[in-house]
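Two complexes come next, and they have one chain in common, chain A, joined by chain B in the first and chain C in the second.
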Partner chain A sequence: MSTGLLYALAGVVLFALGAAGVIVLAHLLRKILAFNVMGSGAFLVLVGLAQRTGVPDPVPQAMVLTGIVVAVAATALALGLARAWHARTGRGTLTEGEDRD
Partner chain B sequence: MTEAWLDPAAWLIVLPLLWAGLAFLAGPGRGARLAIVALALQLALALKLAADLTATGARVHAVGGWGAPLGIDLMIDGLSTVLLLLTQVVAVALAVYAQGYFADAHHRREATWFWPLAGFLLAAMNALFLSADLFNLYVTLELLGLAAVGLVAVGGGTAQLAAAMRYLLVSLTASGAYLLGVALVYGAYGTVSIATLGPLVAAQLPLAVWLAAGLMLVGLMAKTALFPFHFWLPPAHGSAPAPVSALLSALVVKASFYLVLRLWLGPFASLGSTAAGLAGALGAAAILWGSWQALRAQRLKQLVAWSTVAQLGYLFLIFPLLTADGLALQAGVLQTVAHGLAKAALFAAAGVLMLATGRDTVEGLAGVAGRVPLTLFAFGLAGITIMGLPPSAGFLAKWLLIDAALESGQWGWILVIIAGGLLAAGYIFRVLRQAFLLAPEESRFHPVPRRLEWMAFVLAAASVLLGLRGAELVALLGITP
Partner chain C sequence: MNRLARGVTVGVGVALAVALVVALLELPAAAIHLPGTVAQHLAQSGVEHPVTAVLLNFRGWDTLLEVAVLLLALLTLLTLSGGQAAVAAVEADPLLQGLARKALPLIILMAGYLLWAGAHRPGGAFQAGAVLAAGAVLLQLAGLLPAWAAPGRLLRLGLTLGFLVFLAVAAALLGQGALLQYPPASAGGLILLIEAGLTLSLGLILAGLFLFVTGRRA
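Now for the complex of A and B:
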């Protein structure tokens, strides 16, 4: 197994963990962190799979850079919304009674 | 042919970015006037694009002279032009509507963020319709999602924040799945260009690409709010201010549907037949469940939002019926355009009814028939398209769909289409019946600016009259590379 494929498989595992986190975790901050883990997983797959031949490929690296910018913007919006929600309701979760986790 | 830097395709993306930025600096009053002028210009650009397309055929525009793979290609064909035209027509009418709506004292605060976000939303949407590669589509999809979430939260109320947060989480997870799909496709073929991928996928189909197709299509279906991923739509579209609901319900959900259609007809054509039955079944479930919920909804905008869930179901009925003669495809695109116009009209009318009565329940509508008759007429006209009665474009779409089902001998879908039409009649007449009741003694009506009523009417009339000009639309759609 090449190193590139190993990275890609690790990326798939990270993506699955992150996706499960976004769905299962209740606290908004945890959901947002899980989303970032998920995105990093996808980036790792993108770079890893393209490097299987041993020659670095610039196109997926450019894609990942763009993807990181998008993910930062999305995280900022999510954090802004979560803050506004907390300021209004005093809660860290969307549904009531799940604040303890 | 015009010079490269004057290409309308590129300006359809640059122009909304420009006015969005300027509207943010200029504030809501001047920002609104700027947006309306710029949107009229955008409509002219889209018409020019359509005229060029009819004259010279489909083409590719390399932005800034830098072609793929390092630069970005814009792809102009019949399907993208039809959706660009729909977007600019709905947007310009809703901008005039929004200027009047946000002049109302209760809604003035929301206008600050509405105009810049609407500009970014339209830039992302135009870019999405013109993109020719999977990764660029990911970026536009994400930008569209972020602008749409911002628009839902524009009012700043508790319900709106919760709806925006839910919408954001669904949107981010869905585009994450799409991105992983893109990564797998690039890993398998070393390209993300839709045109290049077609023959590559047809020649060789590794397991990773099956997974990629599944991830991308499920992600996009979640963004299109196809049953059972529809749960985020009614709160998000039902709680936002009326012009925002109209933009989101008429246009934004169509963008991800457009992408499903592109992938289904293009690179994933050879995989499509496996999932077609499932997509059709989910569409049928959406029609029945969405219409049922619309019949039971207590609040007017919830009713209209559930109707969107139902009408989006029709779009997915086309997949089991797609054949070489293209009937089902024409039905799908006609339904997209018809629903886009009619749903913008319904939300615009619902906004007027809520301003006039000061209440947002269906029950509170008693007596509006005498106060805002034009708006109610617009609601009824748009209802004709939603129910699918002749001569509306909705009728044409459903007729073509039934025709396609008959030709392929799949009778089951026809029952769903007819049942959906009857249920739609149920929830539209529920509103109309209530509106014609006598107003209770204590009810008060607020005056509403005339332009709000007229814009709802123009959109509704367009959705009905389009049925008479369906042939032109189908001819435009037929222009492929």
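Now for the complex of A and C:
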């Protein structure tokens, strides 16, 4: 097993962890964090698979570079939306009665 | 969410992880050899580093659209916060302020170096822009730079400059037959021009994602 494949496998585990987190966690901040964990997992899969043969492939690396910057912007937007939601409703969750998470 | 639904979701998550791991282990070798294709065309791309060549030449329109996405995210954030006046910066630690003052010239130098290095080694507009944005955030946290209010004309120009330069180059090159196909002779210069604009704009946009939002509405 090459190091690249090991990275990709770790990425897959992170992705599934984040995906479950997005659904299970009620608080919006935690959902956004879980979403970021998912994204990091996807990046790790792309970068890991790109070098599993030993020669790094520049195309997925460029895609991940693009993706990281977009992920930062998307996270900022999500945080802004969560703030606006909190300012409007006073809640940190989307459904009522789940604030304890 | 009740305990049953929670348990089922976690179970599905574990199943997803196992399925993806199995799929990765069984993955066949790539049918096309992209690193070879990139290496083959690297000489006419105008830069020597394959990642920069992919980002700004072979897949330039991806990058163009990405900058548009970043601008869109910032515009949406600005719409959300409704252009209220920014709160004055808080009094901060003099040690942090001194450090930020000393670090700032180095941060700008580093951004310039990364921009220049992108042509032949890891680096480029995105890394340089991120370093610039980090510098602005550091200044804000140290209390040296107030949070930004609604952007004035100059800041608007700075935020969109990178995208506009990129778009102008793309429009000027439409005559070549394909989108963003640079003539090999001037590719290096055009890429540097685009990257310089992008560095400034990305730095401002990424900093804006923090500075437009921070300090407003307690």
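As a convention for this text, the second predicted complex is superposed on the first by the 101 of 101 C-alpha atoms of A that agree within 3 Å, B and C clash if a C-alpha of one lies under 4 Å from a C-alpha of the other, contacts with A are read in each partner's own complex, and residues count from 1 in each chain.
One rule holds for everything that comes next: a contact is a pair of C-beta atoms (placed from the backbone, for glycine too) under 8 Å apart; a residue touches a chain by one contact, two chains touch by 3 or more.
Here the structure is a predicted model, which means the values were calculated and not measured.
Participant: Based on the shared chain A superposition, would you classify chain B and chain C as clashing or fitting together?
Facilitator: With chain A as the common anchor, chain B and chain C collide in the superposed model.
Participant: Going by the contact rule set out at the top, does A:24 touch chain B (first), chain C (second), both, or neither?
Facilitator: After superposition on chain A, A:24 lies in contact with chain C alone.
Participant: Which partner does A:83 contact after superposing on A: first (chain B), second (chain C), both, neither?
Facilitator: In the superposition, A:83 touches chain C alone.
Participant: Is A:49 touching the first partner chain B, the second partner chain C, both, or neither of them?
Facilitator: both
Participant: Given the touch rule stated above, what does A:70 touch, chain B (first), chain C (second), both, or neither?
Facilitator: Both partners.
Participant: Report for A:94: first if it touches chain B alone, second if chain C alone, otherwise both or neither.
Facilitator: Only chain B is touched by A:94; chain C is not.
Participant: Per the contact definition in the header, classify A:61: touching chain B only (first), chain C only (second), both, or neither.
Facilitator: It touches chain C, and chain B stays clear.
Participant: According to the stated criteria, A:6 is in contact with first (chain B), second (chain C), both, or neither; which is it?
Facilitator: neither
Participant: Using the touch definition from the top, say if A:35 reaches chain B (first), chain C (second), both or neither.
Facilitator: first
Participant: Just name the clashing stretch of chain B against chain C, choosing from 42-50, 60-68, 78-86 or 402-410.
Facilitator: Of the candidate stretches of chain B, chain C runs into 60-68.
Participant: So which positions on chain A get touched by both chain B and chain C?
Facilitator: 8, 12, 15, 19, 23, 45, 49, 57, 59, 62-63, 66, 70, 73-74, 77, 81, 84
Participant: Under the touch definition given earlier, write down the residues of chain A that touch chain B in their complex.
Facilitator: Checking each residue of chain A against chain B gives 8, 11-12, 15, 18-19, 22-23, 28, 31, 35, 38-39, 41-43, 45-46, 48-50, 52, 57, 59-60, 62-63, 66-67, 70, 73-74, 77-78, 81-82, 84-85, 88-89, 94.
Participant: Inside the complex, what are the residues of chain A that reach chain C?
Facilitator: Contacts found on chain A: 5, 8-9, 12-13, 15-17, 19-20, 23-24, 26, 45, 49, 53, 55-59, 61-63, 65-66, 68-70, 72-74, 76-77, 79-81, 83-84, 87, 98.
Participant: Per the contact definition, I'd like the list of chain B residues that touch chain A in the complex.
Facilitator: 69-70, 135, 138-139, 142-143, 146, 149-150, 153, 156, 158, 161-162, 164-166, 168-169, 172-173, 176-177, 179-180, 182-184, 186-188, 190
Participant: Give every residue of chain C touching chain A within the complex, in rising order.
Facilitator: 1, 6, 9-10, 12-14, 16-17, 20-21, 24-25, 27, 29, 34-35, 38, 50-51, 53-55, 58-59, 62-63, 66, 69-70, 73-74, 76-77, 80-81, 124, 126, 130, 202, 205-206, 209-210, 213, 217
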